[in-house]
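Shared chain: chain A. Partners: chain B in the first complex, chain C in the second.
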Partner chain A sequence: MLRFFFLRLGRAALTVALVVTFAFVVLRLSGDPALIIMSVDAPPEAIAAFRKAWGLDDPIWLQYLRYFSAIGQGELGQSMRDGRPALELVAERIPATLALTLPALALKLGIGIPAGIYASLHRDSLIDRIVMVTAVAGFTVPSFVLGLVLVLIFSVQLGWLPSGGQESWRHAILPVLTLGIGGAAVLARFTRSAMLEVLGQSYIRTASAKGVPWPAVVRGHALPNAAVPTVTIVGFMVGSLIAGAVVVESVFSWPGVGRLLVVSVANRDLAIVQCILLLVAITMVSANLIVDLLYGVLDPRLRSGAKAGAH
Partner chain B sequence: MSTVLDRFGTVADPLVEINGLTVAFDGVKVLHGIDLSVARGEAVGLVGESGCGKSVTWLAALGLLPKKASVSGNVRLGSTELIDAEPDVLDTVRGGRIAMIFQDPASALNPVLRLGKQVGEALALHGGLSGAAIRAEARRLFDLVGIPDAARRLDAFPHELSGGQNQRVMIAMALAGKPDLLVADEPTTALDATIQAQILELLTKIRRETDMALVLISHDLGVISQTCDRVCVMYAGRIIETAEAQSLFDTPLHPYTQGLIAALPPLEGVRRRLDPIEGNVPEPWNLPPGCAFAPRCPRRGEACDAGVPPLAWKAPGRFAACIKALQAEPVRPREPVYA
Partner chain C sequence: MTHLTRRHALGLGAASTGALILPRFAIAQADNRPSITIAVQKIANSNTLETLREQSNVGTRTFYSYAESLIDTDWAGDLSLRPGLATAWRRIDDRTVELTLRQGVTFHNGETMTAEDVAFSFGSERMWGGAGQAGSAGLFGSVTAGAAGKQPPAEVVAVARRAFPGFEKIEIVDPQTVRFVNKTPDVTLEGRISRNVGIIVSRKAFAEAGSWLDWARKPVGTGPYGIAEFKPDQSLTLVAHDAYWGGRPLLKQIRFVEVPETASRINGLRSGEYDFACDIPPDQISEIEKNPRHEVLGGLITNHRLTTFDKTHPQLENPLVRRAMTHAIDRQTIVDALWGGRTRVPKGLQWEFYGDMFIADWAVPAFDPKLARELVKQSGYKGDTIPYRLLNNYYTGQVSTAQVLIESWREIGLNVEIESKENFPQVLAKGSTRAVRDWSNSAAFNDPVASITAQHGPTGQQWQIGEWRNDEMGKLSDELETSTDRARRKAMFRRILEICEREDPAYTVLHQTANFTAKRRDIQWKAAQAFVMDFRARNWGGIRS
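Moving on to the complex of A and B:
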């Protein structure tokens, strides 16, 4: 178990390093921050000075080494715009993002999983069809469309809720709904198909044949088996708590990490973009790591070093 | 133990009595009125090709078919009617009065639950046991069915055991509720030949010790002959012959049964050519007008297509659904083949 854990941990660290490297290279190749931050018609001397100050004239591998060793010391650089530490700028946006993504996650779990289970248990019933149609719609409609539709209905037509900003909790309702509905739909679909797969298994019939009442068959025999594929999707959702709201934050002008990312990319504020990407990679990879470990808890077949050896 | 059938093909004082059991999936009939009774302590074999309705008969009797199946007829266990019974009635019967074990024990056991828990669940439901008593009794059952190192196996998961061991666990689980009848649905089909013999022996031993009735479902006449007192041969959703095991093997009446036995390699004596039955089982949605076996039957006559022959009395304790059956003769080995 310990060996398994360290193996996964090593792989996770490698993934983060790859993401950071990739982001570094792509960002350097995609445009000169000096020209964008100083604007094109700035005096050439000023641009040269800016380049020199941020080390942009050095060969890319030197910049990369410098950047990587700085990360090793916990130093994530400064914003090229206002000179504040990138980590600080990003960190102060995190609560705003979590204020959207955490309630949205609760919504996804609270609606998606029960809806999926219910649909699977009443297969081909009217409610199953409704759940599935909703799920497909929620699955395929992009979040900015859904967000705009919700704004059109609840802000423009009905005037019940504000269309953007972050003044009160009422401002969070529409973005949370936008995030939550799509995710709940995805989760409902996955839960339903995982449950249907499990309910068709022979061991479910065995449980019924030994006299276990149906609700207990579902709870004690079907759900623990259906949990494995469902946990994968939930893990992915947990992993995107930080970066999952980029589009929705932009639609609702919500000052979270996602908006900071969009603005910083446009401004070529490299330190900030890299800092956010590092953060996103770390959350995603940690969520994956937890899911991997959970697999072992949920399914004994995936546990390494099984106890009673099979001859 | 041999059981005498009366002139209506029913055992005296039946434990379970099935009458006119019919099952249809999406409007296609797969079971056309099964009449079958099982006496206390009796071992009945149900034999036939896959798809003939052997398993469906008992899944329907216990209400274990998917919802889209429409089931009619009667299945009586003592005074309890099982068809369309309330869920709580079925839950006490299942595992408590009639237990069932299945083919391929590896997939019939829940992969994420410890074996002790799966057996314990049946003990809690039907034995009214709890806590340490469950574990002690589960251990006793594991010993009874011959699982070595029982105490440790209780904490194992199905994937940690072999197929044969898992089938023993299934049997232990079935015995947990002290049922009056065990329905074993192809219990050895997924197992090696040597393990197969052990499992059949175990079933016979348990039956002798507990006086439990056994219904053994198999496509393998050899398996049936080893274990059962009485045999019902099924074809295309009907029972087409029933008799005591010995007389069925000695003098099969129905041409299909004759074909099955002719296709069986002899265990002793000279080797002979095996005679397969020509053709295929008709699809349930495309049955011939009369006898379902007629298209493949060597003795088919015009009258065979006139109507479905009923399972009729042919001799004491012997029933066959064939209008030509009275002319039947015992099957003898044909020309020997010297190889």
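Moving on to the complex of A and C:
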């Protein structure tokens, strides 16, 4: 199990390093931050001074080494726009984003999983059809369209809820719904598929044939086995808690990490973008790592497989 | 013995809270002035409110509420100059303007404006990067974006130099009189002084700020509204400055909120959350006005959309090709089809508010496809590709306009191809595919040196990045900057227009820019001929009941 853990940990660290490297190179190849931040009208000497001050004149490999060594010392750089530490600026925005993504995650789990289970247990019934049609609709409608439709109904037509901003808890309702509905649809579909696959297995028939009450079969045999693919999806959702609301934050003018990312990419504020991507990579990789470890808990065969591999 | 039960404690707590709240409530009750919320695409590109740093259209929108220049501009009227923080001004000589300061002007921090504040506002600490540093090699050596210390960032100094290229000093004659002294003769000094970089700010507030950035996020000016809170990328809250020299402001609070999506701004207006929604595309106007409670105001502003040429590109080296391109465009059709006729084709790169310097008989090249085809033929153009670097609707209707242009040029036999770009540095980067691109030019004050020479002359962007240069135009630009012979200046301006728009085209003007603001119809307010929003008492007619 220890080897299994360290193997996964090593892979996670490599993934984070690759993401950061990719972001570093792409950002520097797609536009000069000096020209964007200083404006294209700035005198050449000011642009040159800006490049020098931020080390943008150095070869990219040197900038890269410098950046990696700084990360090693816990230094994530300063915003080129206002000179404040990048981590501080990003950290300021995280609570706002979590205020949307955490309730949305609860909504996804609270609606998606029960709906998926219910639909699978009542396959081909009217409710199953309704759940699946709703799930497909929720899954396919882009979040910005769903967000605008919700605004048109609840803000413009009915006047019940605000259309954007972050002044009160009421402002969070529509963005949370927008995020939650799409995610719940995805979860419902996956849960239903996983359950249907498990319900078709011979051990379920055996348990039923042995006279185990159906609720006990579902609880004891179907749900734990169907949990593995569902946990994978939930892992992705947990991983996207920090930057999973980029579009929704823009539609609802919600000042979270997503908005900061959009603005910082547009301004080529490299330190901020890199800091956000690093945090996103770490969150995503950590979530995946936890999911990997949960596999071992949920499915003992994976543990023994890892052990077998160790010998 | 006194026993304090939980109920008593709660009662006392409630009473204390009430005592704390009631007086404030009473004050709030007394102030029944309306507050408004304005949805904008962006509040400040630089995330500062210091006009020397925030030189953008979006910054222009807000600054006029919290700060003022010595010489004001009639934004909602004819853009003429009028008394601001100076009640009068007069020329001492070709390089000196003497200004009489308005008395009884109070900053938002309660301090009275003095001649020293004026000298400070144009002084080294705010504008030129600290004593003894201007022009030195170390000037741009420590770009910290102003987060630590009081040293302004490099771009502040650069903007100041461009705005006041010949600035020498502010001379305090007496407590009520100052002189703006230039090193060189300049007939445009009054216009330059009126620019938003010339706002007067509190010297004391600057001294008390923790850093340049702290200052730049909450500059203390004299405008009718003071800055209560600025949340970068989110909102700007301004509150009435009741000691304003022009009388008690009619609004209690103005709140600008950043709503990047057009649809969200419009929806917020419809739902009643916003009183104004800015940056409305022309194709949304009729939809918004279907609701009788809303209307769209605005229109022409002092900005023209251009297509610029890189004359060093092999296909554009011959001016005949560029001239052909200027004659191939049916500008009026662009105005009618893409702007619903809500803008116009101007008389070249100039505006009527230039006054005597406006050349009324000038016009953009006529739409003449036959002549254009003839010019292409004469040029010996062989059909090679002419790249057109294009941004995705950075300017209103930019992509649609580009498609019209491409077809117009195809009609006369030119093979122009669009190359999509993500940002301006990619558009401007020197290379074999830099040939045609889009731009817009504004005039910050009422003289051609504010636009054509500043943008296309030797110090202008097009010249500086190596896209276009013309020696005769360069000499004329330099002379226009310092000449005091008004007749000669006008003749020079005409010649510059001839060179830049006809003989050796640097650009071609497509149309004037229009800026639209949606608002509640019951609010009596007039839009300016600029991005500026004026909420002074003279431009606020109240809310119709």
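Simple rule for what comes next: the second predicted complex is superposed on the first by the 303 of 311 C-alpha atoms of A that agree within 3 Å, B and C clash if a C-alpha of one lies under 4 Å from a C-alpha of the other, contacts with A are read in each partner's own complex, and residues count from 1 in each chain.
The criterion applied here is as follows: a residue touches a chain if its C-beta (ideal position, glycine included) is under 8 Å from a C-beta of that chain, and two chains touch if they have at least 3 such contacts.
Everything quoted here is computed from the prediction, not taken from an experiment.
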item: Partner chain(s) touched by A:Q78 [first = chain B, second = chain C, both, neither]; value: second
item: Which superposed partner A:G165 touches (first chain B, second chain C, both, neither); value: second
item: Per-residue contact with chain A, leading partner among chain C and chain B; value: C
item: Complex interface listing, chain C residues touching chain A; value: 45-48, 55, 139-148, 154-155, 157-158, 161-162, 213, 231-234, 257-261, 263-264, 267-268, 270-273, 422-426, 428, 461, 464
item: Residues of chain A touching chain C in the complex; value: 30-32, 35-36, 38-46, 48-50, 52-54, 78-84, 148, 151-152, 155-156, 159, 162-166, 250-253, 255, 259-260, 262-263, 266-268
item: Touching residues (chain side chain A, partner chain B) in the complex; value: 201-203, 205-214, 220-221, 224-225, 298-301, 306-311
item: Chain B residues within the chain A interface of the complex; value: 59, 62, 64, 87-88, 91-96, 99-100, 102, 104, 107-113, 121-122, 125-126, 152-153, 155-157, 159-162, 170, 173-174, 176-177
